[in-house]
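Beneath this line is the structure, given in structure tokens, with notes to follow.
As written, the chain order gives the labels A, B, C, D and E, with residue 1 at the start of each chain.
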Amino acid sequence: MQTPSVSQASPPKRSFLYDPNVRGIFYQTLLVVVVIYLFYMAATNAIENLRRAKIASGFGFLENTAGFDISQTLITYSAAGSTYGEAFVVGLLNTLVVSAIGIVFATILGFLIGIARLSSNWMVRKVSMVYVELLRNIPLLLQLLFWYIAVLGPLPQPRNSVEMGAGFFLNSRGLFMPRPIYASDIWVLLTAIAVGVVGSLAFRTWARRQQAQTGRQYPVGLVTLGLVLGLPVAVWLVLAVAGANPISFDMPRKGTFNLQGGMQILPEFVALLIGLVTYTAAFIAEVVRAGILAVSKGQSEAAGSLGLRPGQTLRLVVIPQAMRVIVPPLTSQYLNLTKNSSLAVAIGYPDLVQVFMGTVLNQTGQAIEVVVITMGVYLTISLLTSFVMNIYNRRVAIVER
Amino acid sequence: MSTVVDTFRFVRNQQVEALPPPNLARGPIAWIRENLFSGPFNTILTLVVLYLLYVIIPPIVDFVFVNAVWTGTDRDACRAETAGHPVGACWAFVIDKINYFVYGSYPVTERWRVNIFFALLALGVVWLLWLRAPRRDLGAIYFFWLFPILSYILLTGGDADFSNGFWLGFIVLSALIVAGFGAAARFLNAPVKPAVLIGAGIVAVIGITLALLEADWGLQPVPTALWGGILVTLLVATVGIVFSLPFGILLALGRRSKLPIVRMASVIFIEFVRGVPLITVLIMANTMLPLFLPGDMTVDRLARPLIGVAFFASAYMAEVVRGGLQAMPKGQYEGAMSLGLNYPQMMILIILPQALRIVIPGIVNTFIGLFKDTSLVAIVGIFDLIKTIEASRIDPNWAAPTISYTGYAFAALFYFVFCWGMSRYSLGVERRLATGHKH
Amino acid sequence: MIGVHKWYGEFHVLRDINLNVRRGERIVICGPSGSGKSTMIRCINRLEEHQKGRIIVDGTELTNDLKRIDEVRRDVGMVFQHFNLFPHLTILENCTLAPIWVKKMPKKDAEEVAMKYLTRVKIPEQANKYPGQLSGGQQQRVAIARSLCMNPKIMLFDEPTSALDPEMVKEVLDTMVGLAEEGMTMLCVTHEMGFARQVADRVIFMDYGQIVEMNTPDEFFKNPQHERTRLFLSQILH
Amino acid sequence: QATLNSVKQKGFLTCGSNTGLAGFGVPDAQGNWTGLDVEFCRAMAAAIFDDPTKVRFIPLAAKDRFTALQSGEVDVLARNSTATMSRETQLGLDFPAINYYDGQGFMVRKKLGVSSAKELNGASICTQQGTTTELNLADYFRANNMKYEVVAFATSDETFKAYDSGRCDAFTTDASGLYAERLRASAPDDHIVLPEIISKEPLGPAVRHGDNQWGDIVKFTHMAMLNAEELGVTKANVEQMKTSDNPEIKRLLGTEGKFGEAVGLTNDWAVRIIKHIGNYGESFERNVGEGSRLKIKRGQNALWTKGGLQYGIPIR
Amino acid sequence: MIGVHKWYGEFHVLRDINLNVRRGERIVICGPSGSGKSTMIRCINRLEEHQKGRIIVDGTELTNDLKRIDEVRRDVGMVFQHFNLFPHLTILENCTLAPIWVKKMPKKDAEEVAMKYLTRVKIPEQANKYPGQLSGGQQQRVAIARSLCMNPKIMLFDEPTSALDPEMVKEVLDTMVGLAEEGMTMLCVTHEMGFARQVADRVIFMDYGQIVEMNTPDEFFKNPQHERTRLFLSQILH
């Protein structure tokens, strides 16, 4: 091997200003200084302004009595005894409830429409396309106002409530339904449910073992459904016939102004829920469609050439792969739905923003604290979700590499 | 035809000509059978959908067209008992109020200024979005610099009053900046002249901008409290896009920077903004912005949501741009570096033009979202289209049962036309990009 | 295949294809790109529908009857150019999927069969990895094993080596030669002329959707009859 | 910096107003503002500039009106705001004068057959969020041991529309507001205002704490209008009155003493107000009284001499 | 290059590389995939950073100093496997970009220079097309012209022909031979042994990040010294 001779190299003298590291440090210091200065200015101004305006600061106000009422409360709350802190919890829970229910329904509707968009039926395809295009291109606020004012507004007054039977009433104050009251022998029902769950799990294991040994396959899904849902219902019916009633219902009755008793679902809640669900479903439909299309045709062809039926191909090959594509954007749709639930302010549903950033902010004037808390809550929800999603994604990714 | 069943050797001497497809079942009936009734399940689906359409469509048509009222000057025209027939949409109401919906309370005699603003906006949008338009670089300068200034002057009347010492201070500051650029160049052993020129250029642009804003153009000032309707809706959306694109690009570059603090700052900003609902940003801009400014400084009521929207849109835009940057093959960076281009040159000449092109659909989609979100400024009391409709629908003069529907239908139509148009456009671009980069 | 024609819309892809394959015969199909080779073999297991003519596989005629299609597909294995392994399943699961769900084989037996064929293609040790973790050549061998697990009577190959790096081509071809030697009926679209010479009973040359020439490999390469064939061969065998 | 100086420097007064409450502050489609509160601001502009048009109105929602005042965005807030102790002490505001004595009431549909607020047990009630109304409501029902369902909205528009469309049985706000909103109902005659007034709502212009000169100007703008009414000085006769011998009139109209200069205005400040706007009674009648569509009686807002609460502090 | 080492994370890619290239010398580098060939020549114009040892290009040592890197990059042209042309610029703009912005040449002069080199690589008529409209071979020639426009003293080629269809390889190699004949200093990673024989002054064989063998082409091909080299050559020259 040839030994290379050392050439007449210039000694490496370092020019300080051209070192990218030095430049990097300079730019970053500059940035830090600017940011700190901005924060400092904002903080001093805020302190000065607050002092001048004599606005109290600190989070002490959360302990003060709220003094106002809220139409939907999931925890016990009253204007007299409850604090701003409790009002905050009420608002937060209301946000979470409408988001959680919204997510469930939006997912179902979104998947249906997404699959409908790929249907071989021309009419189904076109109608679902129109649905998606229409809903996606009109502001959610407008849709909420539409549902609230135009659709739910004209419902009849309580005196002329629509009776839907079984103790369900519909009127401009919302949907009224029987409230279940649990008797002492409710444990029988609970046991039935538990048995159903355990039984279906056991069946699942058994079916798998059967398959491994004999190749026979059983309708696991159907049996599970039967055990989990059917068994408790059957038990309840038997109990009812036997005269022991584990659940009785508090039926809504007509009162002076409104129906009394029972359970009431506010029209604000319904409008918000319908709006969020139909709007988000349009986006989810697109996500689902893209996910299914992302699974290459080769995959279903390969499955077909192995002799799998179209249904099996879908279940065993296409959907598991599509789900990986679908889940990340689906999560961000869930987050959007949660964030969009803040539009509740426009139709008077007492969510976090309406209760806390609306009433509490106005009654206390402590804008900074209230805004910080509210944003913090949404941020926490978002960050938690993306944290969980990252873990999920990493797991999926590792499996694939 | 030669048959080769069981022939081991075979040579075809005549080519079989391409034949038209056999007369497969064609025509509308076959089409319907194939697409609507191919099997029991599909047939049921078709029937269900048909029934749904039957339930939904006729009432809508009745409402929008058949029973609609097109002329009239007050509520009597749109009340069934006075009009003497069932009343659907009350378009007469929209027609009567249309000027309010478009201009809000903008003084009648000055509305031509708003019309010019609309025209300028249309010009800018077409220039930028039409991929074959000439000199799109000039278009960008127009849209991101000239157009905002012109709009400001037109809409407010210009004539911003700076205090007396302002220009003196400005001149001193400019001199300092130019000198600073020169000194820095000398210090860094770079040619001084271009550095000074760059400094002077920056100063000149700022100076011209400010001078244009201060000049008295003889226009009657119109306070923002009078603006309203579609004017405000478009304004909020425009401000969103004009600011979010440059800031979004900066943030995206920041997020991909190798410098940890820069990257962290960008990430924090982006994730923070994307993690909270727009309404909270708007409420924050509305109630907290004044607190953060020195005591005697105030921000215009309309400007506050604009600032909020600009921030909000920047974060979303940053993520879109980042997608584009990430999609750029590494080879492009390397090609540029191996030619000796430095970082800004590489970004401006090579990477960004391509990356932004790739993400035009993403940008347009963000813009659609932004455009829809502008409706939220109504919640913080800005008179955008929705708010003007809300205000009009409670006008006792027009109190009639279908007024609300009609107003919302009008707004829905307005938003739908814009958003749907844009989404078609972005689909078109996407398709063109997918078929390759050929010009 | 008797007088098979097929159209894509207005485009006449397959024109009067007549071909009779005997049991245990090994046929190599070549021809320029777009000549309809893939389409032809995809018609055999009904991934594409033909519009005229008859295709009879092992006594079953392919029609619109779903049941028959299933039967045929069970008997015909196919290996694709791009492997088309299922990325979300391990190699073993890829191989056992069809036996379990289509043949209703007990899982244990299916795994045994799968391991047998994986050993056959010389990668039993990869059984618990995922396709993404394997090299192209290994993936293609898994694809072959996956088909074999269904115990097909006929194997179709659509350019099984064209997406592979040169080094990996050999390992896949070796596997295929092995199969051929065991007497499997094979239809193989490939441009690997070495392979064709070594194992093919017949070579078919296609162009414009037609079978232009068909002959034993010896004759085919030494003495091509048709103008088009000569041109093509001169391009391929530089 | 003193507010008066900055207002003079700007050349106009910025006045926080309602987003739209008939009779008090409401813009028409061309952006011309009218109403009792609006005229109060115009009166101030007249006093300062001798030109009632030098006002810019900034419509404010209930929930951000005080922030706007605190941050200096508006010089004065004339937006039917209730003076309360906590607002004066904790929010750092001053209510120098009360230009309308009000109280919270209820409006219901006639059909309902309710004639007293005490019969509202179990009703749904629409109210505006972030107001004293919301708190009074809670207090009242608690005090009377009644249950109710509250539906709160951000603006009065939304609140009233919800009531009008049947979402609530009753609508509550200040009585003046009830009359104003009733005009906008699809059928105004179907609604009645219940007799109970459940709270004291002294409404008046508000300014920031600490600038006493500015506070004085606001206070005496109102007092000048009251005194003018008491003394019979009207928009029509103010020029003749200048020659009056009545020392009280002379002091009011600045022909005697230097009361105007003492607060940083000219001595004919009151003349300017009356010349352009008129006295309190005139403004009241024009905007909310019998001469207007609201048809509200003077009631508590009559001069003290006529049994009301409006009592002009003497100018001397 | 003196005792250059480089790591990717924990992975030692370049191990003690010593190489002295004289002016006007033409060097061909070959070796199996992953042996660090690309990495080595990318170190020369600092597309990668080395962690130990010294690299001196034309008297300038490569350190963290931005200015020197700029200087070196101006003197060193590089041609990539995947061309890396800028698709949004015309051929002419691709070529004039660097002269205008880096060398601050007036646009006219830059265009003249560009046309000169485009003529040199025999595609002046394509000047106003976009890269997407050209064939691979033409694109690669544009890439060469683009580098030449900066008047580099050294040209680096990283497998310039491996992404091309066989027909196009020749036109690119011809261009490179032409360049070599004009006396340009060249380092070229390639597996085209014909090219190596024809123009190289030295051939380097790399494996596992080391220079395993370095010799004149004649000796190298006829008489490889190292076991590894012999193996490699036998694979390549089928």
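Heads up, the rule we're going with is that a contact is a pair of C-beta atoms (placed from the backbone, for glycine too) under 8 Å apart; a residue touches a chain by one contact, two chains touch by 3 or more.
Protein identities per chain, from UniProt: A = General L-amino acid transport system permease protein; B = Amino acid ABC transporter membrane protein 2 (PAAT family); C, E = General L-amino acid ABC transporter ATP-binding protein.
Keep in mind the model is a prediction, meaning the values are calculated, not measured.
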{"item": "Contacts common to chain C and chain D (chain labels)", "value": "A, B"}
{"item": "Highest C-beta pair count, chain pair", "value": "A-B"}
{"item": "From chain C, the most remote chain by mean C-alpha position", "value": "D"}
{"item": "Centrality ranking, top chain (CA atoms only)", "value": "B"}
{"item": "Far-end chain from chain E, centres as C-alpha averages", "value": "D"}
{"item": "Centroid distance [mean C-alpha coordinates] between chain E and chain C, Å", "value": "42"}
{"item": "Inter-chain centre distance, chain A versus chain E - centres from mean C-alpha coordinates, in Å", "value": "55"}
{"item": "Centroid spacing, where centroids are CA-atom means, of chain A and chain C in whole angstrom", "value": "48"}
{"item": "Junction residues of chain E - those touching two or more other chains", "value": "66"}
{"item": "Two or more partner chains touched - positions in chain B", "value": "287, 290-291, 293, 295, 379"}
{"item": "Chain A: positions in contact with at least two other chains", "value": "49, 52, 149, 153, 345-346, 361, 367"}
{"item": "Chain A-facing residues of chain B, complex", "value": "35-36, 38, 42, 45-46, 49-50, 52-53, 187-189, 258-262, 265, 271-272, 274-280, 283-284, 287-288, 290-295, 368, 372-376, 378-379, 386, 404-405, 408, 411-412, 415-416, 419-420, 423"}
{"item": "Complex contact set, residues of chain A against chain B", "value": "17, 24, 27-28, 31-32, 35, 41-42, 45-46, 48-50, 52, 119-124, 127, 133-134, 136-142, 145-146, 149-150, 153, 339-340, 342-343, 345-346, 353, 357, 361, 367-368, 371, 374-375, 378-379, 381-383"}
{"item": "Interfacial residue positions of chain C with respect to chain A in the complex", "value": "45, 47, 70, 73-74, 76-78, 80, 82, 84-88, 97-98, 100-109, 130, 132-133, 143, 146-147, 150"}
{"item": "Chain B-touching residues of chain D, taken from the complex the two chains share", "value": "1, 6, 19-20, 27-31, 56-61, 64, 67-68, 70-73, 154-155, 157-158, 160-161, 183-188"}
{"item": "Of all residues in chain B, those that touch chain E in their complex", "value": "329, 331-332, 334-342, 345, 349-350, 353-354, 357, 436-439"}
